[in-house]
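As written, the chain order gives the labels A, B, C, D and E, with residue 1 at the start of each chain.
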Amino acid sequence: MSAYWLEIIVLLGGLVLLLAEAFLAPKQKHHLASSAIFILVFTLLCLFFAKPFSVGNEEMTRFYAWDSSAKFFKGFTLIATILTLLLALDYRRILSKFTANPDSEDGTGEYYCLFLFACAGMMWMASAKDLVSLFVALELTTITSYILVGFMRRNVGSLEAGVKFLILGALSTGFLVYGISWIYGATGTTDLALIGEKINADNSTYLLFGLSLILISLAFKVGAVPMHLWVPDVYQGAPTPTTAFLSIASKASGFVIALRVIEPFITDPLIGSKVIFILAVLAGATILLGNLAAIPQKNFKRLLAYSSIANAGFILLPIAAWDTGNDLSSTQVVAFYLAIYLITTFAAFFILAVIHRQSGSDDITAFEGLGKRHPALASMTAVIIAALAGLPLTAGFWGKFLAFKMAVTAGLWIPVILGFVGVAAGFYYYFQIIRAMYWRSSLNESPLQVRPLSFWVIVTLSALTLILGIWPQPVYWLIGG
Amino acid sequence: MHSIAFYLFALLAITGGIFLVAFRNPVSSALAMVLSFVGLAGLFIGLNAYFVGIVQILVYAGAIMVLFIFIIMLLDLNDEKPVKFKSTTVLAGVIIPLLLVVQILGVIQSHNTGDEGAFKKITASSMAISAKEFPEDSAIHKSLTHPKSPKLPDTNLIGHAIFTRYNFPLQIMGVLLLVATMGVVILSKRSSKKAS
Amino acid sequence: MASLNEFLFISGLLFAIGLAGVIIRRNIIVIFMSLELMLAAASLTLVAFSRFHLHEGLPDYNGQVFVFFIITVAAAEVAVGLAIIVALYRARQTINVEDLTSMRG
Amino acid sequence: MSILLILIPILAAIAILSGGKARSIATGAAALNLIIGLGSVFSFDHSVWNFSWQVLSQPSIHLALGFYDGMSMIMVALSALVLFAAVMSGKCPEGHEKLWYSSILFIGAGGLGAFLSTDLFFFYAFHELALIPTFLMIGMLGSGERKEAAWKITIYLALGSIILLAGLIWLVAASGSETWLFEDLLASTIADSGAQKGIALLLIIGFGVLISLFPFHSWAAPAYASAPAPVAMLHAGVLKKFGLYGLIRLYPMVAEGMQAWLSLLIVLLLCNILWVGFVTLNQKRLDMMLGNSSVMHMGYIFLAFAALIEAGSFEANPLAKPAAVLLMFAHGISIALLFMLTDTIRRKTGTVELAELGGLAKAAPRLAFLFGLGAMASIGLPGLANFSGEVLVFLSGFHAYDGGGLGCVQVATILALWGVVISAVYMLRAYRQTFHGPAVKHTDSSHVQDFGPFCQIPAALLAIALLVVGLFPNSLLNLLKASTAPAPCEQAAE
Amino acid sequence: MNSLAWLLLGLPLLSAVVIHLGLKRLQSVSALVATASAGVTLLFSIILLLSEGDFITSFNWASIAGFEGIKIGLELDQLSKGMMLIVTGVGFLVHLFSLAYMKYDQAKARYFAGLALFMFSMTGIVLASNFIMMFIFWELVGLSSYLLIGHWYDKDSAADAAKKAFLTNRIGDFGFMIGILMLWGIAGTFTFSELAGGLAASSGYSITLLGIAVLCIFAGAMGKSAQAPLHVWLPDAMEGPTPVSALIHAATMVAAGVFMMARFYTSIGTEVIEALWGVQTIAWIGGITSLLAALMATQQDDIKKILAYSTLSQLGYMVMAVGLLSPEAGMFHLYTHAWFKALLFLGSGAVIYACHHEQNIWKMGGLKKTMPITFITFGIGTLALCGFPFITSGFWSKEQILETAWLNNKPLFLIAALVAFLTTFYMFRLFFIAFLGKSRSEKSEHAKEVGPLMFTPLIILAILALISGFSSVAGIIAPSFKILEFHIGPAFIASLLAVILGFLFAFKLYAKTDEDPLAGHKVAQVFRHKFYLDEAYAKIIRYGQDGLAAFIHFFDELIINGLIVGGFSRTAGGIGRLFTRLQSGNLQGYATLFGIGVLLVIYITVFVS
């Protein structure tokens, strides 16, 4: 089966579900999510049997990369989408409350379908190797994201987030387009492979200008400084599944295209050092801002937003330390980091959704007394928090470890030092959750109800966090290391 | 492109842009934008990009602007409130773009485009050379090698590129439009039963 | 005869004006229009480059194809954007960005 | 046996968390651990069950456990002893048994894991296992300014370990070693002297924060003072030794780079001894006094390290390493004993303010005796373990002295000797204030009961350890001698 | 002999451990065990003394590859054998005395365990074959002294005195350890028997530094033998039970400093020392201590305090002798002093016991009649201390010191003579007031003679106080202490004069009086208040040490914890809040920041080279 069909399966699935949506009774809409999950699982299986295009098929081979990175990120996107849909299943009460009648699930059906389209877009992004396909795939996911963020159209927060995301997203699209046009102008091509060959002293300024504009929009996509401003507001306002999707799948696809775009430039002897420099600056600033700004946060969702900014900074480190004398390539380290980030962050969002359903609040104070109300959930939360903070023997540590390892080996000392500050601050703000769960007691001492679906997902993810914390080798098998 | 025409259209585009930003009334802004886009379309056409120029007029000035104005009317928007622009915002809004322009100028200056940067006419002979890539009975070939008045069949050429080489992005674009449509429907539909 | 640099300058200027609009204006619709202006300016750059990169005597149509995609994307974006703005207006009776500060910090 | 030593406490903690009988499981596990630990150090064939499992291929990291050399044996013995005492001691607040015992076991497992790892990575990683339990225990069940103290220790340790991590990464990268295994690392060399210096500095700062080297010391005393007794015991007794262990272990790789920081280190360690010594002198509370004293005593171990740096290799100053290791052991045991007894005093009298105490020896002679033993040990009385360590430290400081002018290490040794006077001053003051003099209301015999026999067991165990090592330092020194050559651990088939 | 020597060391330790672990409940049994052990050790030391031949034996206590190791060893020669006899002899008698004296004490077992521990530690010092071992036992006698002074720890004064004793000794040990370390560096060994050889083999060491090392080692002796300015602990140490004062703070432990210096000097050779810089200081310190202490003793009212200052003064004598490079003279005085000072202390103990723990001499009086045996033996002790010519041992040993001083250092000779006068003066003051006249309080009125268990040791000691100075006796039990030929010279005249004058003054002032005629005198006030040294030290400790500690603590909290650490965390939090303030929620603000970010990114990428 040709790799091309992977996205098509997802897409067709989305279309079929969209059709089915029209005929389903309001109470039955959640079957759409189950079906969507089924489709995605099927696609995930197909991923292992997909074959590359023949060399002669130029229309496709120009735009569609099929390498280990593409495979990994397609799988990543699929898994992230599956988890998002699982999260959405348990979130649908709240979703329907702000879309239609809280008693019916009318109006939630499209929500599941949209994830399939966004997923397809991200899978295309994973394969994008030409600025044109990169652009269109990126826009597909971005525009889908606008809808997903503003989906709760009776919720002011969701709409406000939607508008902010829209305006800033469009702004970043403007810069992306402008940047692409300069790169095109300098080299006469949009094919990344060819661009690398055409760099010379004459056009290097054009290229750097174009690249910096593209970097801006990529920074927007992954939530890096200085384009991080949308992240906290949008994450907070958006429906939780959307937030999870944005913070994991969307960020990952941002990085995958970042890796592809940056590669020809950073490996060039002429301008490579400049690219490394700007990336190191961005990494350092992002780490610092994400971690420090998280300190005063009171809302867990917002905290996760800043945490996601901080993580973007940590992921930028290995990119800035491009393949210098390491056993692993930057792409592999980024993939590794993201794989672990997926596990821990999704777990955090699942926990958040559980808490939110009980208390109706995303605040850290909502965690108070969790140690008493649901000890098992509390201890799993503690594990996840430890992983987010990057404690050794949890999976979360390995990502930071490899990132720091690359940065230290490459001698990026200032970002590394800022990384120290960031990690230390990270302990502070993450541990606030632990403090809330155990030190504080809640007014409501009644046991907490956790829906079995969420509970088992959280169990699985926490178990993975611990197992991979001691034995991370399996992730290597996935990223082909 | 003749210099005079260039400056005329350029002036039109930029004036339109400035008015767009400066006018207080959204409708005026929208109309200023149409003005700007007309200027842009002129520049496109001057660059032998007839198709793009026309599309610019049709899609932007026609469809998109109409949509904008329609929404403005629908929402019955008034002028922005008298306590208008905060001076700091305005200052930032002037200085930042100005600095951006300076930077762009710096980039432009950095590299003497020389021969390549000079405007070269598209001659019949050059068109004839290019025509060889296309089958002889194709419209493009015919148009390029038209014995009397060879014309640049840019619509055909773009169409050719889009449907052959750019087939894959075009498919993605189709999905994009589908999603956008869906989105508009979702976001603007009223619930069947009003939430209590 | 206008040179490439002049086109680039004009497009840059337009792009900057668009950015100014985004920064200065508070009406979301106008901000949105300014964003469209920025996209259009980028298109101008592309077309100019495409025209000046003569490819065997003809303009390089890759650039113009890209402009086509930009316009399509812009149209889609406008559609979705305006839908969100309308929904927002329904919920909040405002399209002023200064009123959208319930989430901050 | 090594894997057992780590698995037993971890599994016990998990069993407790999932609803087992907390106290008995914990006691059983700790006792079993103690038997296996001491047994494998002193009599069993300890290479049994050493194992090595590659958990990551690039960089090549192994979960490798075993006794690398005598130093790790001694540290394991220390950890097992203190863990057992910690489990047995302290009084768990009602309703928190699960947290209390599982936290202790986790912290203990972290310490054991670090000392048993023969891979640099897991050596580092196991240490962090203690972080969350510590945070919870201090923050929830501590006393006094517990919240602030919990935050402080957490942030400090986190910052210290991340700096350390950078140093370790750099170390491995610069060494060109294929794996993170100690044996491979120590077999390789770092040629670049700039890198050596940088790594050495990072190691000194990173480990230094964990050891509460001046000026990174302000977390330790409040944390120990606020922590529940078992946590204070394990932290001050075991985990603090992690940093020193690491410095000594990695020293041969950066011997040259360390030279550059010798004078800085000497200044800092003297600050640890004298500056913190004076700070200790001014403490008004028993627990704070002990906390600061444990910071101060780290200076002596650093002194041995400084002597080692000056000499340039283990062979050039054969005293330094045994001195440091012996003192680490001795300090660990004695401070654990003292923290444990301080907690007992707190529980029996309700206060640890020195001004409110007095005459406790009448009502609680056994407590007074054991505390006195601990206090005497900590001020370096001969016959107790600390003296053997301290005297060797001082000898190591003068090992290079040939009768000519005094070198900086010798001057430092002389100044450090004044610290012995200071520590005697504050220890005896505190002892006199607590146990001697006429009894006051809440310390008279109608109010306070002496140690029960059951509570005495852990304290007596530690006291015996102090005496045995104090009277026969060869019991530990022979371990160091026997195993200068690292025992090769079997590579598991990959 | 070898195992006997080890037994000599081990037996007291064994009894201490047995008492502490097993016999705490059985108080009387404990007492008997300790006494028996002291008796057996006395027997052993007599056997050793009579046996021929010196030997050294040792094992490696802390062995480290590449290092000679720390050895625990015994060096038996005439010096240590003689000293052993003193220690075990006085020790055994004090044990006997204590059986009665401490009969009704509640913590008798603890007391005897402490005594046994002391016997062990003291034996260790005496037999030590090297400096490290000596230091170990040096510290251990400090511990046992601490425990015994603080025996009645619920008394504030006792607890404070114990602490003071330990800490003052620690200051001395600070120097001692430095000295040991430096000497190790110079001579390359700790072992006494190898010191001279090591020093000869070593080259390139600095004479100055060796002198400093010697002085540092002497600092240890200053602490232990309570030499000025570290003398302040000894008078306070009288808070302990009186037999303890007799054994530890008069006869043996405080003499350990002298013994150590003698051991050191004889090992290294006095000729080496002679060449060194600054060693005269030692003699001067001894002289000054003896003078100051004698002056202070003249105005004390507490019987034990008077004896304590007299001990100080006599220790000063010994140190002076050692400092004048005549360790034998010092050791000889140590040997005679041990007997008569133990006698005096035990006598005072008997008095105190009889007077129901009354220690003020002005509340005694007329004990001559009620306590005749004590009266006689105490009188003998007094005479011996004053150095009554020819018939007391004190005369012979003091004579030697005065002789040495006359030969080597005239100013010190004058001081020594003055001290001899003062000694007679204050001792007879004590004697007259306490024993003669009529009783001045009810307690002394009802005093009864003590039982045989207490007066037997007194009698034995009285005999020794008389005869131990004769060369025939000393030749047997302390052969190593060289006895100079006696001849009538300036030293004899000075000492004779001192005794006569001292007696006359004392008789005139105190023979028939109920209150001190000198009490109001200003100079006497200074003496009574011990030259205000304790007050001065208290001030130094309060303002110097504790003030500095408070300041540093404050600084530590303020600067390191507050400003630097706190500053960092506040800065981090502040920056964090600043960042969140940028997150104003306002899109215009975001766009502005976005724009600035764009400018910066472009600038850095394109224009920064």
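Everything below uses one rule, namely that a contact is a pair of C-beta atoms (placed from the backbone, for glycine too) under 8 Å apart; a residue touches a chain by one contact, two chains touch by 3 or more.
Here the structure is a predicted model, which is why all the values come from computation and not from measurement.
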item: Longest centre-to-centre distance from chain E, chain (CA-based); value: B
item: Chain pair, A-B or A-C, that carries the greater number of C-beta contacts; value: A-C
item: Chain occupying the middle, per Cα centroid; value: D
item: Chain A and chain E: spacing of chain centres that average the CA atoms, whole Å; value: 76
item: Euclidean distance of C-alpha centroids - chain B vs chain C, Å; value: 8
item: Inter-centroid spacing, chain D versus chain A (mean Cα positions, whole Å); value: 42
item: For chain B paired with chain D, centre-to-centre distance based on mean C-alpha positions, whole Å; value: 71
item: Set of chain B residues in contact with two or more other chains; value: 89, 92-93, 96-97, 100, 103-104, 107, 165-166, 169, 173, 176, 179-180, 183, 187
item: Sites on chain C at which at least two other chains make contact; value: 8, 15, 18-19, 22-24, 26, 28, 31-32, 43, 48, 50, 53, 55, 62, 65, 69, 73, 76-77, 80, 84-85, 87, 97, 100, 102-105
item: Interface hub residues of chain D, defined as touching at least two other chains; value: 155
item: Set of all touching chain pairs, with the criterion as stated earlier; value: A-B, A-C, A-D, A-E, B-C, B-E, C-E, D-E
item: Of chain E, residues touching chain C in the complex; value: 580-581, 583-588, 591-592, 595
item: For the chain C and chain E complex, residues of the former touching the latter; value: 19, 22-24, 26, 28, 31, 97-98, 100-105
item: Contacting residues of chain E [partner chain A, same complex]; value: 572-573, 575-577, 579-580, 582-583, 585, 587, 590-591, 593-594, 596-598, 600-602, 604-606, 608-609
item: Parts of chain A lying in touch with chain E, wherever the complex brings them together; value: 163-164, 167-168, 171, 175, 205, 208-209, 211-213, 215-216, 219, 225-227, 229-230, 232-233, 274-275, 277-278, 281-282, 288-289, 292-297, 421, 425
item: Parts of chain D lying in touch with chain E, wherever the complex brings them together; value: 155, 215, 217-218, 275-276, 278-279, 281-283, 315, 318-319, 322, 359, 361-362, 376, 381-383, 387-388, 391-392, 394-395, 397-399, 401-406, 410, 413-414, 417-418, 420-421, 424-425, 428-429, 432, 435-439, 472-474, 477-478, 480-481, 484
